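Per-chain numbering from 1; labels A, B and C assigned in written order.
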Amino acid sequence: MLKYANPTHFLRLVAAVLPWLWLACVGLLGVGLYMTFFIAPADYQQGDTVRIMYIHVPAAWLSMFAYSIMTLSALGTLVWRHPLADAAQQAAAPLGAVFTFICLITGSLWGKPMWGTWWVWDARLTSVLVLFLIYLGLVALWNTIEEPTKAARTAAIFTLVGVVNIPIIKFSVDWWNTLHQPASVMRMGGPTIHPTMLWPLLIMAVGASLLFLALHLMAVRNVILQRRLRRLSYMAAQAGEQEMAS
Amino acid sequence: MTRGPRLLVENLALVRGTRRLAQGLSFALESGQALSITGPNGAGKSTLLRVLAGLLAPAAGTVSLSGVDPQEMAQHIHYAGHAEALKNALTARENLQFWSALLGGPAGLTPQQALERVNLAHLPDLPVSYLSAGQRRRVALARLLVAPRPLWLMDEPSTALDTAAQARLAELMEAHLSGGGLIVAATHSPLGVPAGELMLGGRP
Amino acid sequence: MSAALALFKRELRIASRAGGGGAMGVVFFLILITIVPFAIGPDLNLLSRIGPAILWIAALLAMLLGLDRLFLGDHEDGSLDLLQMGALPLEVVIVVKCLAHWAVTGLPLVIVAPLFGLMLAVEGDGLAGVAASLLAGTPALTLIGAIGAALTVSLRRGGLLLAILVLPFTVPVLIFGVSAASAASGGTVPFATPFLILCALSLAALALAPFAAAAALRSRD
């Protein structure tokens, strides 16, 4: 049944959903940012720099979420050979890379005042850096293979290999980190997070997720349209050849 | 090989990337018959052969050999594509010995006998890199003889062969067919043995 | 079994006749080891402390060098099509090819590593530790690399992409390889702990990589 699902239906659905999605996204992010800057308290130790958390944590969450989307789509590609799954995979890779990058940059900006240096080889930062490299590899893979269905299958296999490996990498980096330096002193606002910090964080996380969703849907739409364009140009080329022959 | 299996192709659809090459392709080939596939460039001749060989998944439809487990079908098929699958660093004999061991199945001709059949008996111990294009092609043909398999899939089998070698190729194909084998070949020129013809259309 | 043996012999024969990939890998390994002291200075105390790490990084890069050839030759001359249609499952073909590739590129590095370790003032137990950890860890590198080689086999600029795809996944092997090698020359961690994890990584790669690589090879066109 999935095999015959029609990308055209999907495009119609996207057109109907997108305006509402953007509305909700802008609304939530607006409220979230307002709370971040004017309502959430400054940390008694970290001062205003703690506000970076409201960007950093949602970005970190989305860096994983994008990979989950890619994994599900990869299964869709390999098991059901569904073109929508191909497009969803392709669209998620650069978005995942960007959110991971935001996570790294905000982590680095946060690190400067906290640790007095732009970069520390902290276990968590390092794992995210490796995840970022995997995303870049995927984007490179997509850019290198011209044939869309083949690119989708290749990327799907690589994505699934990553799913198996990412926990192993995380575990290794934790081991490596504890071996080379004492546990980091960084703590995020104590063991329990105060509601005045939790609410903006949750709102920002939901808003950022909606932002991801909206961008992802738009990117999937672009991929589908690009493929149609590709097919049309191919058919035009064929028709041209036929005319030349006759 | 007394009586070979029957090749049955049902409702096959071929897709290369995003373009459809053929749809609703059905034919049957009896033991001892040959089929030549013709059509313009890009019509999907090579794609059809790769699908029959099980190297490419068809977009729809089935390919089957009677009496053969679908999982093991590839082991009853010889695929002779554009590339010769020969290693330049190895001699003709070593290449054939390797394929004989790897392709498995019932014992066929020895490499030396096979080379005799393609008129290359004098060059078994020369690295393949020293051979001409036509000679390489003939070593690749000899591969079909070292491991007997009923269905031969051949992509432009007469490429690079001179007249004498083409006649030799026709003899080999005839012997294969009279032994109950099957041949499906993509060709531009006549195959050299009596064969049915399947014309793949140019337009998707 | 005889088919697997025939494949293994053929791989070794091609390697020994065409260019000697193993010897080139060792030379590249030596060059990397030579370059490092130029960059960080000839201080033997420092070199001896980071020697195991240098040896591991050099081995990793030297292994990476020949990986793009793992399936490329067979893809280009059509052999891969026939290997897919032979008596052996493609997964087994991949394991045998990896084994042969490791014997040609990985094993020589394991053998010369203690010798080159002397140049970096690594001593006694440290040398044995480096050799043992390379012996246990380099098979994982070949197998992980095989996935990358299979994914990039039909691409024109495959070599660089292969490195980009594979290197992040070699992080665990590098971490535990260097840990084991350093632990052997003294340290807080007992040698067995990282070494056993390293063995586990190689075994896990042996169990999983052939399937991923086979899936990639099957969808190469």
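In the analysis below, a residue touches a chain if its C-beta (ideal position, glycine included) is under 8 Å from a C-beta of that chain, and two chains touch if they have at least 3 such contacts.
The structure presented is a predicted model; accordingly, all values stated were derived computationally and were not measured.
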- Query: In graph terms, with chains as vertices and touches as edges, which category applies: line, ring, star, complete, or other?
  - Reply: complete
- If you tally the C-beta contacts for B-C and for A-B, which one comes out higher? B-C
- Chain centroid nearest the full-protein CA centroid: C
- Query: Distance-wise, how many Å sit between the C-alpha centres of subunit A and subunit C, to the nearest whole number?
  - Reply: 32
- Per the centroid of Cα atoms for each chain, what is the distance between subunit B and subunit C, given in Å? 37
- Query: Which whole number of Å gives the spacing of the CA centres of subunit A and subunit B?
  - Reply: 47
- Note on the structure: So subunit C residues touching two or more other chains come to 221
- Query: Touching two or more other chains, which residues of subunit A qualify?
  - Reply: 150
- Query: Where on subunit A is subunit C touching in the complex?
  - Reply: 78, 130, 133-134, 136-137, 140-141, 144-145, 150, 153-154, 157-158, 160-162, 164-165, 168-169, 171-173, 175-176, 179
- Note on the structure: So, in the complex, the side of subunit B touching subunit C is made of residues 50, 53-56, 74-75, 77, 79, 81-90, 94, 97-99, 101-105
- Message: Using the touch definition from the top, list the residues of subunit C that touch subunit A in their complex.
- Response: 147, 151-152, 155, 157, 161, 164-165, 167-169, 171-172, 175-176, 179, 188-189, 194, 201, 204, 208, 212, 215-216, 219-221
- subunit A-facing residues of subunit B, complex: 17-19, 202-204
- Query: Which subunit A residues qualify as touching subunit B in the complex?
  - Reply: 147-150, 227, 230-231, 234-235, 238, 242
